[in-house]
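Two complexes, one shared chain (chain A), two partners (chain B, chain C).
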Partner chain A sequence: MKVYYLIFITVVQLLSQIAFAQNNDATDIMMAVEKRDVGQDERADVLMLLIDADGEKRERKLIRLRCSEGREEKVRLQFQFPPDLRDTALLLHDHADRDDDRWLYLPTLRKVKRISGAQKYRNFLGTDFTYDELGGREPEEDIHTLESEEQLDGKAVYRIRSVPKEKENPYEYRLTWVWKNTPVVLKEEYYDRHGRLKKRMQVLKLKTIQNIPTVIKREMVDIPENHRTVLSFNNLKYNTGVSSRLLHPRKLNRPVK
Partner chain B sequence: MINSLALLLAGLLVNFSLFADEPVWHYTLINDTAIQLNNSDVQKFRNVLLPELDWDLNDSLRLRAEARLLWDPEFEDWKKESEFRELALDWEGDETSIRAGLQQVVWGQASGFLSSFDVFHPQDRREWVLPAFEFMRRPLWMAQLQQPVGEWTLEALWSPEEKVNRSAEVGTSYYLSAPPLPTGFSIINAEDDRDRQRFGLRLSTSYDSWDLAFIYLSVPQNKAVFSYEILSESQLKRTARYKRYNVTGLSFSRAMNTAVLRGELSYYLDREIQTRGVPGVGQSDQSNFVLGIDMTVLTDLDMTFEVGRYHLVDYKGSFIEPENTTRVLFQIRKPFQYETLVPRLAIVSDLEQGNMLIRPALQWNVTDQFSMTAGLDIINGDGKPFSQFGETDRFYLSLEYRQ
Partner chain C sequence: MIWLARKSSLFPKVALLLLLFMTLAFLSRMPDLKVDDEILNMIPNDHPARLLQEKIEEEFGIRDLVILAVENNKGVFNPRSLERVKLLTDFLQSLPEIIPEDVVSLTTTDNIIGLENELIIRPPLQQLPENRKDALAIYNEVQSNPLFNNRIVSEDGKVVAVFAPLAKGSTRQSVYQAVTEHISSLPVATNGDRILVSGKVMIEGALGYSMRSDLRRLGPIVIAVLLILLVLYFRHIGLALLPVITAVVSVIWTMGLLSALNIPVYLPTTLIPVMLLVIGITDEVHLIAVYRRMGLNGDRHTNLIIALQRIIRPISLTSITTAAGFIALSVSPILPLKHFGLFTAFGIAVAYLLTFTLTPAYLSLMQRPKRWAQLQENKSSVMEQRLTKWAINLAKKPGKVAVVLITTAVFVAWGASATRVDENWVNRFKPGHVLYDSDAILNQSLGGTTMLYGHIITRSGALKEPRLLKQIEQLQTAISQLPKVGKVTSIVDLLKRSNRVLNNDDPANEVLPASQQAVAQQLLLLEASGDPNDLDIWIDGRQHRAVLWIQLKDPYASTARDLLPQLKKLATDYLDTEQVDFGGPADVNAAMADMVVSSQLSSLGLSFTVVFLVLMLLYRSVLWALLALLPLTLSLLMVFAVLTLSGRYIDIPLAVLASISLGLAVDYAIYVLDRYRSARINGEQHYHAMQQALIKSGSIVLLNSTILAIGFSILVFSNFAPLTAIGLLTAGVLIFSALISLLLPLFASRLSFNVAITKQESD
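Up next, the complex of A and B:
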């Protein structure tokens, strides 16, 4: 039974890759990135290493739980380190057709608070990643143009320019390098409202887990500040049967271990 | 009752400890120093150790404990303390969850200064309202049930406890003067008249960017209302009353583009009010309305504005409390240097009386585990109780290490 399942998954992925390679329209490519099969759910330990211009390091540790149903996605981030964030939890309900819902549980207040979408442009926990850059952005929020097809570290990639539709976005545009072989983002560059390169994201380690190509280490560099954040996913597992009740606002006050 | 609960808890622990995961310990060390601005006196030199324990006894049962050990050679009536702040068992079923033990529960959408639903717990007011609400709230032994009902969640609370507000002692900096006594009598203090049990129900849901919760509470008043009974021409009996009243209402919040709108609508039924003269006790319903907005502008500048309006429906001229009270809260916060430097400002004001509490502060997260916060607590105004505390304006420095 397990063998048939593996064959089925492999065939589906192969077919989707063939379809993806044939379609090089920029929006379709970004949509393929969004719709890529990443399992129904996921659990991972996340380590964020913040390194400043002097080489000083700080850490953020959290557990990430995700449940997906089509393009509806629920993500829970359970903070573990630093200690002042311990037991804090962030819940994101990512909707394809309307604004996302976000809740934050703060143990010092003993309350779950709804937080606004404006939070998406701010740096996440003082790292170089914004909430948006950690996966909250939908393809429909940008206008995409295919700029070129090129090689990146020996991999054939599409280079796509994405211009945000909303005025309040701090970036003028973003360049994304998407692997032709499978719709995974390998590199991004963010340009500010003056057209200057502000940040660069690069994938440092890609691994196939349960037949799903997975970015398990990436780095975001703030170019002017010379500050970077290395984001690593450890013990990542797909389709573990994450209970959807853990992804409910009323459950945020009970920390996931 | 409480002893039985503690024994039951101990028995369960012994039973489960054979199969449990390793307990996880953490601790926090805090030194909090405050210097009064008008005379440079050290108002407090508070040292606090907060050990915490998280222990998964099995897949569905968890024990959480937190104690507070406090030592302060300077603060007048808060020199030593050692108590549990939390000691609760958490049971998670497929749908239902139950939490039993010593704990804190806060409902509603408004901040502690303005909330009309944060009345379940009594508070420790020895330092007025200056400490964090989590620090001030007196935890209660209680049972909490959570049960999904379709798209809704039903929560129920029950506590057998009789704790009430603890106030500052006479003669200390934050002592609130007692209500005026009828003149010409000697006072005989009778035993407190307390209603004991507390109940709460909350039915909540999230729908299309709205969070809605219907709340019912039946709680004794945490602050005493004094009744007077004439015993003879020269003697008066005084009783501190903590009588039950009922709270019903709705809390809501909604995300709107770059802001979140929050609010509370509630009604207190049959609340006792302090009056002048004999018998000292009146009764009135009270309507409460709190509206707040949280905004983030310029990427990471967080602002909060809240306004609360509280109205005594059956107001009488003899009431000590005013018929209407309007309070506002303004908070602003902006992180710098990758959230290592965080200046913030909070202002709370009682508009009718022109009172104001102004609290600027600067937090420096020196490392991931050690932070320093320096700030001011400025108390301004002619109305009660602010006028009493005008001399207590202070500078404080807080050092915190978390393991």
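Up next, the complex of A and C:
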């Protein structure tokens, strides 16, 4: 009896170790994505293209500044186009261990307002990306499993299945294709609570800038709505010495050039 | 046809086997029968009102809704009721047919709260309150927000609604069933909460569901009652079964064909089985009555053929006229009605075919009851004696009868002329039905459940101009002062709200932003604060199109119809060059009611003409044809007069009902008149011919109409208002047209006979 019990325990332990190892691999990969060295700071011109089901397009141009300190990341977005929105600015402080902070500056109001309470599953500025999907989501928030190693457009990739831990999340799971060469996410698919494909993110252009493989064009498609958002990053430069003062809420009302 | 009957009665088993095989083939297709309850599909897909609604809804991502609400007379803002709101919202979001992120509810729709240096953007009911005080704080929070007040939450806080949009291409049946089952599975609330159910998805789902479930429930009862009555009359179960069997077989063939052709069942086509049951039974009852009167002399085969030869003329005539009447419906622009006409005509043809195949085969296999030996062809029953007496009395005073008839005609024509055409889908349900009651409560407590859209089209970006927004604001105010208009909301309300919130939440700042830049930036804030669809239903991304959401306080088509010209005038008064189209569900409803009813009436007119032409061709006389149409005309007018006098109106089901009258009233007239004519042609004098017509055909007509009228009255017990109306009015039409048909020979004496026909027929 005791022998059987021991065997049982050993098997259970072995199995759980295998499962853990797998989990661990996938989590490691996702953590590598999160922790990849992308320079201290970054500056880019962003072209945001919103395309609806009828193919009608809306264009926005923004300046994007980023400053990182470990896993803490600060991003400033400032509108250049359309003219009505010029100098309107948004500041995001992305924390690894607590909710992100956000501030908004509307030039006509001449006031910086902190924005709180908004859910992370909400779409970002009317795009098809949610705050979460633009990088706000931390690897710790999901349970990751390595599903397979495969080829994606000639690149060797891991396919990882991530199941959110929180039950309010609108998705049942997400599939992520991570490049083996460098931990960069090349593709994502989001499946709703009924297991139907809801959104697909694809990297359209990858370019090495200052030795850092960089996604300079990607799109997100809302499958049922047939609505898409294309983000292009132009004139992207790393380590330009962006002053972290510009990423302070008090400086949000001063447009950067 | 007689040849077919001869073969069938000679080889009855072969005939029955063949028919059984055919019936099984059609029956096997029945499980594939599809159902389409979407009301919009009643209207042709190129109708301008439908195109406009679809265009607006497509452009702004507006979908049909499931509306659930929690009502409590003591107020919903307490922890338990609010928890119920949350649970209902979660349930709706969990349904695969619902777009979860577009569900509008206290737990999902963001409210922006403006503080000195902060904007809090979150749904008012993000966390369930612990106590009544916290619950009331939520009430106070949403009251000042026009996007919640009177839209999601009633002014008095006694009703809180949840709106769940149906995803594109989802079937409403499954949603309807899931929601209904879920709600009935919930334990009864002990705190006085009541769950209200409304929305187009639920109403349409319930329409189809209750119609079908009622027909399934009451259909067998109708058949059973008809059977009992037939058994009482024939005093023979086998004979009583025959008419019912032929009717059921024709229903199976028709519905099987629908399924085989991949045509879904629409609401009007749901009525086909009922129609065929009524029309199909008549021929067999007639035939059995004639067959029985021949007693046991002669063998079954010979007697059957003789009986068939005697009635082939009236049977053919009635089938042709009825089928022609229904085929005339096929010119209707409304697809479901077209199908209704064509397939009912097909069913009539099947029933006709069965009379010459199934019936002789069945009867030739059946032993005739022994008591038939005592039945003499000329021995009359009690009813026949009464009829004779009646005929004699009437024949003495044709003038008086004419006066009574003319008075009736004038009266019903007067009544009919005042009939209104209207439509109210909620009125399909009786008071006490959750949808009927919910709609009444929601119309009173929230801004109104029937939607009309004002679609504003202008230049790209023009909707950011404060001048135009100001004009829209004024237009909106003017519209909301029109009678029966509830709440009117637009992008103006969102902007006023955001302006206030951004400016220290001061009610004095609840005005439109001052500059174009301010409008653009606040739109960005609104866009940034939530799902893009939150903003998308008000204004498009390029700011050149916007929707005014006009909520109507009642769902009558006439309300929208009366409002439309006033709305158009207001739009030209307040706006300069911008184009405003008013459309949407209320408009389509009005257009559809007008279209269905008017097209139904005009195809009825056409049916009338066709039947008239067929009759004229047969009788070679305008007057005879007119006479045969008299019962139909009078009973139709009678239906309309009854509607007017009872304060009702013609709606879609009642317009369809008119066709039933067509199917029956002409038949009765033809039976009686034909008998009279053939008696006259055989040389009888008017008086005797009339006696014969009344005794031989009149008794059958009376019997037939009584049996069917009783059968139809059972539909009164339906939970579904149109079925009740159809049951009652059909019973009325049956009795009324049968009685008038009996009077026809009285007037026929004044009409001359065409000699040519006389000769032909006596051959």
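Methods note: the second predicted complex is superposed on the first by the 229 of 257 C-alpha atoms of A that agree within 3 Å, B and C clash if a C-alpha of one lies under 4 Å from a C-alpha of the other, contacts with A are read in each partner's own complex, and residues count from 1 in each chain.
Criterion: contacts are C-beta pairs under 8 Å (C-beta built on N, C-alpha and C of every residue); 3 or more make two chains touch, one makes a residue touch a chain.
Keep in mind the model is a prediction, meaning the values are calculated, not measured.
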Partners on chain A (chain B, chain C) - clash or fit: clash
Chain B versus chain C as contact partner of A:81, first or second or both or neither: first
Which superposed partner A:224 touches (first chain B, second chain C, both, neither): second
First, second, both or neither for A:149, with chain B first and chain C second: neither
Which of chain B and chain C A:194 touches, first, second, both or neither: second
Which of chain B and chain C A:257 touches, first, second, both or neither: first
Which of chain B and chain C A:72 touches, first, second, both or neither: neither
Partner chain(s) touched by A:25 [first = chain B, second = chain C, both, neither]: neither
Touched partner set for A:114, first chain B, second chain C, both or neither: both
Partner chain in contact with A:123 - chain B first, chain C second, else both or neither: both
Stretch of chain C penetrating chain B in the combined three-chain arrangement, among 19-27, 109-117 or 721-729: 109-117
Residues on chain A lying within both footprints (that of chain B and that of chain C): 50, 52, 58, 82, 84, 108-109, 111, 113-119, 121-123, 125-127, 170
Chain A-touching residues of chain C, taken from the complex the two chains share: 61, 94, 96, 99-101, 110, 117-122, 126, 167-168, 464, 502-503, 513, 515-522, 524-525, 527-532, 535, 541-542
Residues of chain B defined as touching chain A within the complex: 26, 28, 54, 56, 62, 90, 92, 94-95, 97, 104-106, 132-134, 146, 148, 153, 155, 204, 206, 208-209, 211, 253-260, 262, 294-297, 299-300, 335, 338-340, 365, 367-369, 371, 400, 402-403
Contact set on chain A toward chain C in their complex: 50, 52, 56, 58, 82, 84-85, 88, 90, 104, 106-109, 111-119, 121-127, 170, 192-194, 196, 224-225
List of chain A residues in touch with chain B within their complex: 50, 52, 58-59, 81-84, 86, 98-99, 101-102, 108-111, 113-119, 121-123, 125-127, 168, 170, 227, 245, 248-251, 254-255, 257
